[in-house]
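Dumping the structure here so I can ask a few things about it.
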Amino acid sequence: MFYDVKKVVIITEKLIRDGVLKIVEAAGATGYTVHETGGKGSRGIRSEERPHVVEAFFNVQVDVIATEAVARQIAEEVAATYFTNYSGITYVQDVEILRPAKFEHHT
Amino acid sequence: MFYDVKKVVIITEKLIRDGVLKIVEAAGATGYTVHETGGKGSRGIRSEERPHVVEAFFNVQVDVIATEAVARQIAEEVAATYFTNYSGITYVQDVEILRPAKFEHHT
Amino acid sequence: MFYDVKKVVIITEKLIRDGVLKIVEAAGATGYTVHETGGKGSRGIRSEERPHVVEAFFNVQVDVIATEAVARQIAEEVAATYFTNYSGITYVQDVEILRPAKFEHHT
Amino acid sequence: METLFALATKVVAQLQSATLGFLIGGMVIAALGTRLQIPNAIYQFIVFMLLMAIGLEGGMEIRDANLVEMILPAISAVVLGLVAVLLGLVTLARLPGIKTDDALATAGLFGAVSSSTLAAGMAALDESNVPYEGWVPALYPFMDTPALILAIVLATVLRARASGEAAERVRVWPIVKESLQGGALTALLLGLALGLITRPEAVYESFYHPLFRGLLSVLMLVMGMEAYARLHELRRVAQWYAVYALFAPLVNGFLGFGLGYLAHVATGFSPGGVVLLAVIASSNSDISGPPTLRAGIPTANPSAFIGASTSIGTPVAIALGIPLFIGLAEVVF
Amino acid sequence: METLFALATKVVAQLQSATLGFLIGGMVIAALGTRLQIPNAIYQFIVFMLLMAIGLEGGMEIRDANLVEMILPAISAVVLGLVAVLLGLVTLARLPGIKTDDALATAGLFGAVSSSTLAAGMAALDESNVPYEGWVPALYPFMDTPALILAIVLATVLRARASGEAAERVRVWPIVKESLQGGALTALLLGLALGLITRPEAVYESFYHPLFRGLLSVLMLVMGMEAYARLHELRRVAQWYAVYALFAPLVNGFLGFGLGYLAHVATGFSPGGVVLLAVIASSNSDISGPPTLRAGIPTANPSAFIGASTSIGTPVAIALGIPLFIGLAEVVF
Amino acid sequence: METLFALATKVVAQLQSATLGFLIGGMVIAALGTRLQIPNAIYQFIVFMLLMAIGLEGGMEIRDANLVEMILPAISAVVLGLVAVLLGLVTLARLPGIKTDDALATAGLFGAVSSSTLAAGMAALDESNVPYEGWVPALYPFMDTPALILAIVLATVLRARASGEAAERVRVWPIVKESLQGGALTALLLGLALGLITRPEAVYESFYHPLFRGLLSVLMLVMGMEAYARLHELRRVAQWYAVYALFAPLVNGFLGFGLGYLAHVATGFSPGGVVLLAVIASSNSDISGPPTLRAGIPTANPSAFIGASTSIGTPVAIALGIPLFIGLAEVVF
């Protein structure tokens, strides 16, 4: 049996990773996965290969599987908190999972 | 022309990567893509950055594009085989591809 | 408010990354994200871990969020230009984003 | 009394050693929240360099060594690995709230060997000008592999017995292979082979040997930072693991000293060799043991065995064990 | 006239130094589109090695140093860091089209310290056989942290005043912590502590010291390549940043030379120490300053401060500043 | 007869060399399924270090060298690169079941140069105390670039001819650039320039030179592991590639020895230089050649050229070629 939930993806500066993860956990997500990436957007190229002479100036991608409400809240909160001063994008996708209890907040 | 197929994603301990890939290939997938990741779930934080003093104790993410039947079978088999003793999650998504023959098992 | 757009993913040899990115930018995408990956497909295993004794012989994954038309055009153009001689796959997915203006070409 | 005082003085003097300083420094900066990172690639390369150096020297020494002298220490190593696991089974596993699987995995780790502790022991002996046979570090696999195998076999057998089923025959060879294929042991064994067969003197003297001590200092820093980082895992599990991790290195190490002493009397094993055997016994595998055990005893909780080993076992073996065994040797010999 | 000529000769001679060659070589090959990459892991490790070496030597020297001699130079370092930021506020920030936040972040970076420039200065003094007190490089944090803090505090206060709100009290301690937790400063401070407390002579002489110059050459190559790669960021912002980046290292450096000279007269600060203080003042933080500023002044545009610092400030400090201050010392002392 | 025997003895003696031991050791542990990995970052840095060392030494030597003596060897290098490709066209390309594109790409790789084989050759000459002109390793690009260009140009022309279309003019300059921008060649050329223009003696003697032999041993291990890992690619393609890969290094090497000998007679090229020219000719590009060829001849199957080169060509050149050419030199000179 597969169940419908959401995946929210945040791609942003490594520098604010910890802030993003705080929002993710506070919203009630049960976990997250982090990738190191490079990329280009409105604020220029960030590379994961070149020596990071400037410590922490490249991208991370955070993927969170969560219920629809939690996922949308994370996307909106991250964008509202950070995307005026820091570069980043966020998007939400449909996913089907097997163990819905694993992705619901244990209160 | 785009065709509808599925993507199954498995995020789990690097240690069991080879076992997961065996299931993927046995199910008839024609390929896979592997990412190194870090993350947090029910069993604590795994980081891809810190020295892996403990060899092989971080995460890999395996993405497989396959027909719906194959994708669901991979998700279920990986979960049944490994997720009692090892940490990990799996999910399935819709994707559209161009060359359907490339993702069907050649028997 | 969330808006529906597409994500196109290209997984191919690192060697042709710059060519792929040119197609991405020419098609009007406003940005992209690049991951280093390993994988296996019809042309054998590529690993991101082993020393790349052969410079540049492993995979990159390029993710582009764009309008449907742009996304499909990128997928088709990359496949037509490169996938006869180089290994690679491409697929398109639905995504919901927050700031549609960010992903439309500024002309 | 006087000897006890001499021992204490010796132990305190060792505390000023740079090796130990880097280990403790690593813990302190991690506790202070540093963003300093030794990249994983560097860490892996350092482990390779140290074990290749140990292997090469061992191989070159064995060429001219009296093989008979090696027999007793080698047997001692095997015995020490096995005894450590059995000791864990009759102590840790019997404690309240401890699962047998978790206990056996932990005892397996403490029976196995740590390359970082071994290298720290070699550096400490060099600093104290205590000579030892160059092949002693090569006893590593003689203790490591048997400990891991015994832990996995016992866990499998006891689990089967508990569930009332006939125990499936444990296939030992795959475990041996898995253990020897680990990065650290491969480097050691390859170094041994190259030291025995080829003429690596020039590359050893110009590269592996002079870099040994410096690379070790970086490794100590990493181990210290890791010890702190893993503490939170230890907090998730029963406190008995912390208690075990405090005593097991010392008990195993004294057993090693004892067997080494017998070999000293019987076949002239050097005092430095006795100390190093004790250090190896005292050490617990922090690199390649955990995945072997995770694969071999999948039902065991990794937080239990890794936290105990990395956060307490290794610091105890290095900071207490090494000075203690060196001090003891100065008193005994 | 004659002294000016002597100065010019000295500066030209320095241009043949290998250190500078690697820096310029890095720019050239980047401009030619090389695919050569020094892996990030290697870069991070080199920075660690250099700062650990600097720290260890500083710590070992401080053990036997006359602490009174260190007071004036240390105070000078703090003053230089603060003055650099204030100078930026009354020059760069007043220029047309320059946002105050961007100007303060840039001035903070130029007030802070670059480990690569510092290491290059040490190598240049060694090549010229100019001795200096071993603890001078350890003045690094005395200039770095105050500069970063002042820039962030001023930006916060001015922003509040501009928006008419009561300025929220800036909490200084988190900024100090954030700054000291950076990888480079941690390595330096840990090295200092280990040099003071333990006996790292052997590992320093066998590892950190002999590798210093070579690792520095690789770092110079990286900095050169990075300087070229960041040029495009500089092109996005007002040209005043380029002008500022050209003059600030020299102005800050000469101020450093001046204060150092006073310490020379007052408490016998060595000529080499004066030069090194000037080099530290002249340098601008290219590694750990930027994220601290990015976090502390989030409204500032990183393209402005990073481009100016990495692409112009660092090359100017190394290629012009260092030979200039060494030449000046030969003329003055 | 006697000379043949002397040659054989020499070759066997070389088999005990540590360099070769690491290469073969790498193959063996890969075959045994080791999990040991030399991280990619370390591998890339080692290649940089070796080629920078080669470049610096070459540059410093060229400063005082008689440029006339360099002319014949440099011309020989170009000729050898071109001849190797042409030989591949008239042999490999004519074999049954071999596509011309694949054959040309393979021949281009074997005409090009391997930095690892070159460094192994230098180490072997040093061990045998055979001196050579310090600029000989810098002949690398004189052979490498022409071979790659000729292979790509021929493939393009022949493909056009086969399809009946007018051959599009092949633009040679982009290929030259692409080839010289590769990481390995950049390091070599930058080293040359720095050696010529600046005074890198101190950093060379304290860093690049003493680490050379040790880093080479690690590189040999990587090449050995890689040779084994690529074997499966070779199995996918016609066996003629394996046959070609077995003979081409020796044929190309003997041609190199011959031309070098002529230069010896004509302008006094040293015996060690002759050997090194043979080694360069014998070597095949395993690092930067493949992507240049993949981009230049996209229709060629990489499994064919990479398998042949990495799994057979390089081991043959190092394990057979180097001892053979050194032995030959002892007999001839």
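Which chain is which? They are A, B, C, D, E and F, in the order written, and residues in each are numbered from 1.
Just so it is clear, a residue touches a chain if its C-beta (ideal position, glycine included) is under 8 Å from a C-beta of that chain, and two chains touch if they have at least 3 such contacts.
Treat the numbers as computed from the prediction; the structure is a model and nothing was measured.
Novice: What chain lies farthest away from chain D once each centre is taken as the mean of the Cα atoms?
Specialist: C
Novice: With centres defined as the mean of C-alpha atoms, identify the chain lying farthest from chain F.
Specialist: A
Novice: Is it true that over half of the residue numbers where chain E touches chain F are used by both copies, so same, or is it different?
Specialist: Interface between chain E and chain F is built from largely different residues.
Novice: What is the distance, in whole Å, between the centres of chain C and chain F, each centre taken as the mean of its C-alpha atoms?
Specialist: Whole-Å distance between the two chain centres: 35.
Novice: If you average the CA atoms of chain D and of chain E, how many Å lie between those two points?
Specialist: 42
Novice: Go ahead and note the Å separation of the Cα centroids belonging to chain B and chain E.
Specialist: 47
Novice: Among the residues of chain A, which ones contact at least 2 other chains?
Specialist: Residues 35, 49, 55, 93-94 of chain A each touch two or more of the other chains.
Novice: Residues of chain F that contact two or more other chains, please.
Specialist: Touching at least two other chains: 35, 37-42, 44, 182-183, 211.
Novice: Tell me, which pairs of chains are in touch?
Specialist: Contact pairs between chains: A-B, A-C, A-E, B-C, B-D, C-F, D-E, D-F, E-F.
Novice: Could you list, by residue number, the parts of chain B that touch chain C in their complex?
Specialist: The contact residues of chain B facing chain C are 2, 5, 7, 21, 30-36, 65, 93-99, 102.
Novice: Could you list, by residue number, the parts of chain B that touch chain D in their complex?
Specialist: Those in contact with chain D are residues 15, 43-44, 49-57, 85-86.
Novice: Taking the touch rule as given, give the residues of chain F at its contact with chain E in the complex, in rising order.
Specialist: Against chain E, the touching part of chain F is residues 39-42, 44-45, 48, 177, 181-183, 186-187, 190, 193-194, 197-200, 202-203, 206-208, 211.
Novice: Within their complex, state which residues of chain B touch chain A.
Specialist: Residue positions touching the partner: 9, 11, 35, 37-42, 48-49, 59, 61, 72, 75-76, 79, 83, 89-94.
Novice: List the residues on chain F that touch chain C in their complex, please.
Specialist: Result: residues 37-40, 42-44, 182-183, 222-223, 226, 229, 232-233, 236, 286-288, 290-291, 294-295, 298-299, 302-303, 306, 310 of chain F touch chain C.
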